[in-house]
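Labels run A, B, C, D, E and F following the written order; every chain starts at residue 1.
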């Protein structure tokens, strides 16, 4: 157990102009006054930071799916992959967007069940039914 | 590449009473007249078949989350795990529940992004921010 | 690193009748006088708690495979998925059921080797030999 | 879907002395007269072939765990990882070592359940109970 | 086994201006005259197509790591995740960039070994040595 | 969160001759005077310790790929699998072999992108293009 990031987080005060511009956009978009550690470690590569933030901002914006549904999907993937940081950060985001305890527990139930039946299918290898074929 | 299941699918005609009862409930619940291969291979163990079906039925029923959102979450997990059968079957289910092309593509975008940032976090190991701690 | 669960564990004293009934059954089945944290967090959704416990109890009961073999399989999956909580809890369970150090280390050796050859196969993609086809 | 290996399988007749020696040992150990495709693709790197075979032979030999239990563990890992080739080959091996249909289905039930509870734990993050700490 | 994509691939002739612009850039960057199926399915969401292509182009460009090393890393991840399409496409790309058979087999050897020791560590849980802590 | 290994690390002083011989070879090969915890937990099974060490030594030796490239691949797999111990230990090894911050961040960018496109392919299932088929 370490608890230390593999690169030193870049604080706002120590950041260059390129990184600060991304940090400013993160805080403006999220209406917060702080930057979480995920972005601070990405900041070691300003191009990676900028691309990742702009992609996340675009992907998580309202569209055919609403922002809370998108957070639920993010949590589902993070729990499946066992990403600790992502589980804490996206659960916090989902709660901030109104996720109730009941929704969170149902989400977990679906994630658990999907992981179970995925392995039953991967272990028993039923052929894909013709009825499921895309048109 | 095989394409054959690891146990012979159990057809309705060849099934015992216990299995038929589950098959009947699947068709009644889904308002369909056929059973997909996933359940036919589980039927080699009627207890496993019954428990898995009853769990899926309970988990996927409307609740704090609506059935389409639950299907989207199922697809997200299945794509993350690379389960081919599950991807085809749950995408078909989601389309039957009204998933549009635009929703499907946005779902994929979120799943892709979550898998990317999960690994950036797992590789760089930023500490969980105190602000993300559950109360 | 957080160390706090994403929902508050539900203690026996604070639990409702439905949850207490499950807790009582867990302690009776396991002949212990305490409930581990996994069940306490599931208890936020009494239906999820009850279904998961009853499924685990049914799956892990003696059958065509003995209980220790089942625990070894549980550890194999948990180590493959990198689930920390599960690794600690099921290793403790397996030891309580008599797993020796030698058995544990051999289990790890098989798990390691399977994870290695799984990726050699997934990277080199040999076709499934006709001799391995199920009859 | 391709179905072709990413390197051409090396047939016995075309193999050099180093590879043939491994192939001979595989057939002698397994009391068979053919080599499966997994080894034939590894044979492009005779050092990798030899090390992998010798490791597998050592790991899968009878020890504190019996050979059938080891095959069950191999299948559990392969189904969890979704390795198609490995699922077919190790299920065939387990059947050759006497695995019954009932044992196979119970194995799948445990694998499914472990994958489910792994994600419930990874998503809800209960702290490891002190009682589970190794002595 | 299906073999059909879950959305119909978008051919150049049927594509709108936004998609054609990306297709043109892919072909110009790669000096080829065809588009592979991965991009054709992404094209159902022109924004996703454009973002993903521009990210891949940026990430895979020469930098502190050379393009062949980047392809090797891509294959390592794809084999670890068991992504069939990605394994075929990135192995083809790596060969086009000069990957030899010997390099490919060594890559597989490292991927296999890493997957093995990852699970030995995840199953046995050695604490991170202070010497490995980042400064 | 535990932080304790599931078997007690075996210190040099307490080790038998077989284990000491491996420890000596590790230190001689790496030109260090200490043994990291990974090997100390494997030492509970001297055969597993010896085989794993000899395999790692062989696989990571200079060959068609140079040692730093091999460490990058090891990190890519470890981040994909979410193995905390492995991420810290192999990042430290890569830095000792000269990995720069810029190389590390580009590695992370490729790992992230590969994990993203792996899931886009696994979710949308484009068929493998004939042009990617191995000759």
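To be clear about the criterion, a residue touches a chain if its C-beta (ideal position, glycine included) is under 8 Å from a C-beta of that chain, and two chains touch if they have at least 3 such contacts.
Since the structure is predicted, the reported quantities are computational estimates derived from the model, not experimental observations.
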{"item": "Greatest separation from chain B - chain, by CA centre", "value": "F"}
{"item": "Relative orientation of copies chain C and chain F, as a Cα rotation angle in degrees, nearest 5", "value": "120"}
{"item": "Chain centre separation in whole Å, for chain F relative to chain B (CA means)", "value": "33"}
{"item": "Chain centre separation (chain D, chain E; CA means) in Å", "value": "26"}
{"item": "Set of chain B residues in contact with two or more other chains", "value": "1-7, 52, 55, 78, 80-84, 87-88, 91, 102, 105-109, 111-113, 115-120, 122-125, 127-128, 132-134"}
{"item": "Contacting residues of chain F [partner chain C, same complex]", "value": "1-2, 6-7, 44-45, 48, 52, 81-83"}
{"item": "Complex contact set, residues of chain E against chain C", "value": "75, 78-80, 82, 84, 87-88, 107-108, 111-113, 115-120, 122-125"}
{"item": "For the chain C and chain B complex, residues of the former touching the latter", "value": "1-2, 4-8, 47, 51, 55, 58, 127-128, 132-134"}
{"item": "Chain E-touching residues of chain B, taken from the complex the two chains share", "value": "1, 3, 82, 84, 87-88, 91, 101-102, 104-106, 108-109, 112"}
{"item": "Residues of chain C that touch chain D when the two form their complex", "value": "2-7, 9, 34, 36-38, 40-42, 52, 55-56, 59-60, 63-65, 69-70, 72-74, 76-78, 80-81, 83-86, 88-92, 100, 102-103, 105-107, 109-111, 113-129, 131-134"}
